[in-house]
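Next up, some structures in C-alpha cells.
Below are two complexes that have subunit A in common, paired first with subunit B and then with subunit C.
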Partner chain A sequence: MLNTPAPYILLGLVLYFLTYRFYARWVDKKIWETDPNRPTPSRLYFDGVEYFPVSKYVLFGYQFKSVAALGPIVGPLTAVLFFGWLPALLWVIFGNMFIGWAQDYSAMMMSVRNEGRSMGPITYKLLGDRARKILLVYLIFYLIIITAVFEWVIIDVLNRVPGTFTATLFVLFGGVIFGQLIFRMRMDVLLATLVALLIVLVGYFTVALIPAAQWPTTNFLDSPGFFTQYGFDPKLTYPGTFTVAFWLLVLSILYYIAATTPMPKFLLPTVYVGYLPSIIALVLVLLAALVTPITGLTIQQQAVKNLYVDPMANPQGGPVWPILFVTIACGAISGWHSLVSSGLTSKQLEYETDALPVGGGAMFTEGAVALSSIAAVMVLSQPPAGAAAYVQGASLLTTKMLQVPPIYMNILYGIFVTVMGLITSMLFVRVFRLIMAELFEDSPLGNKYISPIVLLIVAGFLAFVGSWTNLWVFFGGTNQLLAGLALLLIAIYLASIKKPSWYTLIPGVFMAITTLAALAWETYVYLLYALQNKPIGVQAAVAKLYGGAVVQISNFLSAAFGALLLVLGAVMTYYLFAGVARYRQKQ
Partner chain B sequence: MGILDRIREVVEGLTVHGQSTAILKVKAQIDNLFMIITVGDMLGVPILPPYYSLRLLPYVFPNIQNWKRYMLRERDFTDLVT
Partner chain C sequence: MNLKPLKDFLFGLLFLDLYREINKIHRQTRLLVELLIFGDFLGLPLLSTYYSLRLLPYVYPSLSEIRKEAVKEHDIFDLLGEHHVH
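Let's look at the complex of A and B:
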C-alpha cells in the first residue's frame, strides 16, 4: 500500500480538507469577518455585463478553469524529475495549505472590499503610480516568458506523441463549427455542443484506430542522419530543428488568429470545446491515482533524488531552495491567480461568504490536480523529460484503471496537454495585445495586427533556441514573485484597515525572498553559460546547427531578462516592505 | 439545491460562464456606442442634435445610469486579464 501513490495523494487531499474546514474558515470568520448581508460589488454596481451576482458553484467552476492550465501539471512533474517526489509533494501540500489558498481568497476579498477593483488600481491606491507601472512592465515580461515556455511544452508533446496534432485539429475544428452554429445559425447550445463533441470524438477515434492518422511522426522534417551524425536520440525533441520551426510556425498562426479575430468567432468556442475532454482527463487521472493499490501500480521514482544540482553539470537544476519553490508554481501558489481573483470573479460574487468556497475551493482543487501530476510521474521507472512524462504517466495510470488499449489514453492526454496549453497561450497573446494597445495607443506597437507579432517573434526565438526548463524557472520566478507581491499588498491592506496581517505577511516575505533568490540564481546560471560560451542542455543541438554564437546571444538575452526582472522585483519588494512598515506603524 | 444542480452549475462555470460574460461585454460595447451617439452630450460628447436625443430619451432612459458608470469607471491593465 505505501509503495503506491494513493496514500500520499489521499494524505494531501485530507490535509487540504482540514485546512479548508478549520484554518481557512477561521481566517474567513475572524480576520475578514465576512457577512452575507454586506452588499457585494455585484449587487452595489449591478450593470448586467461585468457586475452581476452569480451562483457560487458557477463561479467556482469559472475560477478553477481560469487558474488551472499547464502550470499545475508541468511544474510538479519537472520538480519530481529534478529533486524526487517527496520534496515536490511536500511543497504542493504545505505550499497550498499555508500560502496558495490564502493568496487567492484574500485577493478576492480585498477586491470585494474595494468596489471590485483589480490589482492595478489597488496597488495604485496603496502604493502609488510608480508601483503600478512596475507591475505593468512585470506583467509584459511575464506574458513573453510564459508564451515561450508553453510553446515549447506544446511542441514537445506534438512532436513526441504522434497523432496529437490530428486530434487537436479536430478539437479546433469542433470549436469553429460550434461558434458558427451558435452565432450564425442560432442553434441550441446543447445541440451545438453535441455536434462539436461528435467532431472531437471522430478525431479521437480516427487517430486511435487508423495508424496513418497518427501524423506527423516524431521529427518528421529532419532526416534520421542528422540525429546519428550528432549522437542525438531521434525520439526526443531538439531545439533549432526544422520540425521545431514548423511547429512554431503552426502555433504562431493559431495564436495570431486567436489574438486578432473577434472572440466569439474563434477563441471562445475553441476554449469551450477544448475544455470538455480536458475535464474528463483531469477527473480520470485523479481517480486513477487513488485506485493504484487496486491496479497494482507502484512508485518507481526515488523519494529524494538531489538537494543540490551543480548548474554546470545539470543546468536545469540548482539548490532545492529556492529552485523547487519556483519550479512548482501553480498547484502550490501562483501570482496569476491574484489577477484572476481580483478580476471578474470578485465583481460577480453574490455574497461575501462565497469568497472562500470560490477562491479557496478552486485553489485546493488545483492542488489536487498538482497531486495527480506528481502521481503520474511517480509510477514511471524511466520518465521522459518534459510534459511527455505526464502524458506517459497519466495514460499508464488510466489505462490500468479502465483496462483499455494504451493508445486511447495516450491520445486523450496528448490532446489534454496540447489543448490546455493552446487555450491559455491564445488568451495570453490576446491579453498582451490589449495591454500593448493601452500602452502604445498611437504607435504601431499598439496596433492590433502588429503587437501580437512582436510577442510571437520574441517568444518564438526563446523557444526555438530551447532553454525551456530554465525559462520555466524564470516563469516560476516571475509568477511566484507576483504572488509574493500580492500577499504583501494584502498585508498592507489588512494593516490599513487595522486587521491582523501575519497570515499573508509571513508567506509574502518568504515568497518574495525565495523568488528573488531564484531569479538571481537563474540569471547567474545564464550569465555563467553565456560568458563561457557553453550551450545549456538541449541547446547543444542549436550550437551544432547554427554555431555557438546564437546560443551565446540567447543566453545573454535570457540573463538580461533575468537581471531586469530581478531589479524590478527588488524595487517592487522594497516599495511593499516600506508600505507594510508604514501602515503597521499607523496601526 | 440538489447535488445534480450543483454539478450542473460547476460545469456551467467551467465551460460557458466565461464565454457568456465575454459576449455580454461585446454587446455592452455596441450598446455603449449607441448611447454615445444618442445621448453622448451627457458625457460632453455632442453628436446628435438635442432634438433627436430628447425624442430618444424615453427609450434609453433605463440604461443611462449603468452606461454612465460603465463609461466613467476607472480601467486598468489588470482588468484585461479576465
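Let's look at the complex of A and C:
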C-alpha cells in the first residue's frame, strides 16, 4: 500500500481539508470578520455585466477553471524529475496549506473591501503610480518568458505524441464552429456544445482508430541520419531543428490570430470547447492515482534525489532552496491568481462569507490537480523529459484503471496538454498586447497588430534555441514573486485597517526572498554558461547546427532577462517593505 | 438529492465566461446607441433630435446609470484578471 501513490495523495487531500476547516476558517472569522449582511460590490454596484452576484458554486467553478491550467501539471512533474517526489509533494502540500489559499482568498477579500478594485488600482492607492507601472513592466517580461516556455512544452508534445496535432486541429475547428453557432446563428448553447463535442470526438476517434491519422510522426521534417550523426536520440525533440521551426511557425500564426481577432470569434469559443476534454482528463487522473492500490501501480521514482546539483554538471537543477519553490508555482502558490481573485471574481461575490469556499476552495482543488501530476510521474521508472512525462504517466495510470488500449489515453492526454498549453499561450499573447497598449499608448509598440509580433519573435527565438527547463525557473520566479508582492500588499492593507497581518506577511517575506534568490541563481547560471560559451542541456543541438555564438547570444539574452526581472522585483519588494513598515508604524 | 450546487458549479466552470462576454457585447452596443441618441444629456456636444426627445421619457429613469457606464474608468488590471494566464 505504501509503495503506491494513493496514501500520499490521500494524505495531501486530508491535510487540505483540515486546513480549510480550521486554519482558513479561523482567518476568515477572526481576521477578516466576514459578515454575510455586509453588502458586497456585486450588490452595491450591480450593472449585470461586471458586477452581478452569483452563487458560490458558480463562482467556485469559474475560479477553479481560471486557476487550474497547465501550470499545476508541468511544475510538479519537473520538480519530481529534479529533486524526487518527496520534496515536490511536501511543497505542494505545505505551500498550499500556509501560502497558496491565503493569497487567493485574501486578495479576493481585499478587493471586496475596496469596491471590487483589482491589484493595480489598490497598488496605486497604497504605494503610488510608480509601483503600479513597475508591476506592469514586470508582467511584460513574465509573458515573454512564459510564452517561450509554453511554446516549447507544446512543440515537445506535438512532436513526440503523433496524432496530437490532428486531434488538436479538430478541437480548434470545434471551437470556431461553436463560436459561429452561438454568436452568429444564435443557436441554443447546449445544442452548440453537442455539435462541438461531436467534432472533438470525431477527431479523437479518428486519431485513435486510424493509424494514418497519427500524423505527423516524430521529427518528421528532419532525417534520422541527422540525429545519429550527432549521437542524438531521434525520438526526442531538439531545438534548432526544421521540425521545431515548423511547429513554431504554426503556433505563431495561431497566437497572432487569437491576439488580434475579437474574443467571441476565436479565443472564447476555443477556450470553452478545449476545456471540455480537459475536465475529463483531470478528473480521471486524480481518480486513477487514488485507486493505485487496486490497479497495482507502484512508485518507481526515488523519494529524494540530489538536493544540490552543480550547475556545471546539470544546469537544470540547482539547490533545492530556492529552486524547488519556484519550479512548482501553480499548485502550491501562484501570483497570477491574485489578479483573477481581485480583478474579476470579487466583483461577482454574493456574500463576503463566500470568499473562503470560492478563493480558498478553488486553490485547494488546484492543489489536488498538482498532487495528481506528481502521482503521474511517480509511477514511471524512466520518465521522458518535459511534459511528455505527464502524458506517459497519466496514460499509464488511467489505462490501468479503465482497462482500455493505451492509445486512447495517450491521445487524450496529448490533447489535454496541447490544448491547455495552446489556450493559455493564446491568452499570453493577448494580455501582452493589452499591457503594451497601456504602456506604449502613442508608440507603434502599442499597436495591436505590431506588439504581438514583438512577443512572438523574442519568445520564438528563446524557444528555438533555448532550454525550456531553465526558462521555466524564470517563469516560476516571476510568478512566485508576483505572489510575494500580492501577499505583502495584502499585509499593507491589513495594517492600514489595523488588523493582524502576520499570516500574509510571513509567507510574503518568504516568497519575496526565495524568488529573488532563485532569479539571482538562474541569472548566474545563464551568465556562467554564456561566459564560458557552453550550451545548456539540449542547446548542444543548436550549438552543433548553428555554432556556439547563437547559443551564447541566447544565454546572454536570458541572463539579461533574469537581471532585469531581479532588479524590477527588488525595487518592487523595496516599495512593499517600506509600505509595510510605514503602515505598521501608523498602526 | 439536491443537484443545484452541481449544476451551478458546471455553469461556472463552463459558461460564466461566455455569459459575461455576451453581456459585455450587449452593453457596448447598447451604450453606443444611447450615446448617439442621448449623448447631449450626458454632456456630448450633439444636437437633440426629434426622436431622442420623444424617447427621453422612457430613458430618463436610467440616464444616471448610462452616464456612470459611459464615464467609468477601466484599469488594465481588471482586464488581466479576465485572462487565465498561468
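In the analysis below, the second predicted complex is superposed on the first by the 587 of 587 C-alpha atoms of A that agree within 3 Å, B and C clash if a C-alpha of one lies under 4 Å from a C-alpha of the other, contacts with A are read in each partner's own complex, and residues count from 1 in each chain.
By our rule, a contact is a pair of C-beta atoms (placed from the backbone, for glycine too) under 8 Å apart; a residue touches a chain by one contact, two chains touch by 3 or more.
This one's a predicted model, so the numbers in the text were calculated from it and none came from an experiment.
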Please work out whether A:Tyr57 is in contact with subunit B alone, subunit C alone, both, or neither, and reply first, second, both or neither. both
Return first, second, both or neither, reflecting whether A:Leu344 touches subunit B, subunit C, both chains, or no partner chain. both
Quick one: classify A:Gly547 as touching subunit B (first), subunit C (second), both or neither. neither
After lining up the shared chain so the two structures overlap, which partner does A:Pro406 touch, if you call subunit B first and subunit C second: first, second, both or neither? neither
Do any residues of subunit A touch both subunit B and subunit C, and if so, which are they? 47-50, 54-55, 57-66, 117-121, 136, 139, 189, 263-264, 268, 271-272, 275-276, 279, 339-340, 342-345, 431, 434-435, 438
Please name which positions on subunit B make contact with subunit A in the complex. 1, 6, 9-19, 21-28, 66, 69-70, 74, 76-82
Can you name the residues of subunit A that touch subunit C in the complex? 47-50, 54-55, 57-67, 69, 71, 117-121, 136, 139, 143, 146, 182, 189, 263-264, 268, 271-272, 275-276, 279, 329-330, 334, 336-337, 339-345, 423-424, 427-428, 430-431, 434-435, 438, 479
What residues of subunit C sit close enough to touch subunit A in their complex? 4-6, 8-18, 20-27, 65, 69, 75-86
Hey, which residues of subunit A end up touching subunit B in the complex? 45-50, 54-55, 57-66, 117-121, 124, 132, 135-136, 139, 189, 262-264, 268-269, 271-272, 275-276, 279, 339-340, 342-345, 431, 434-435, 438-439
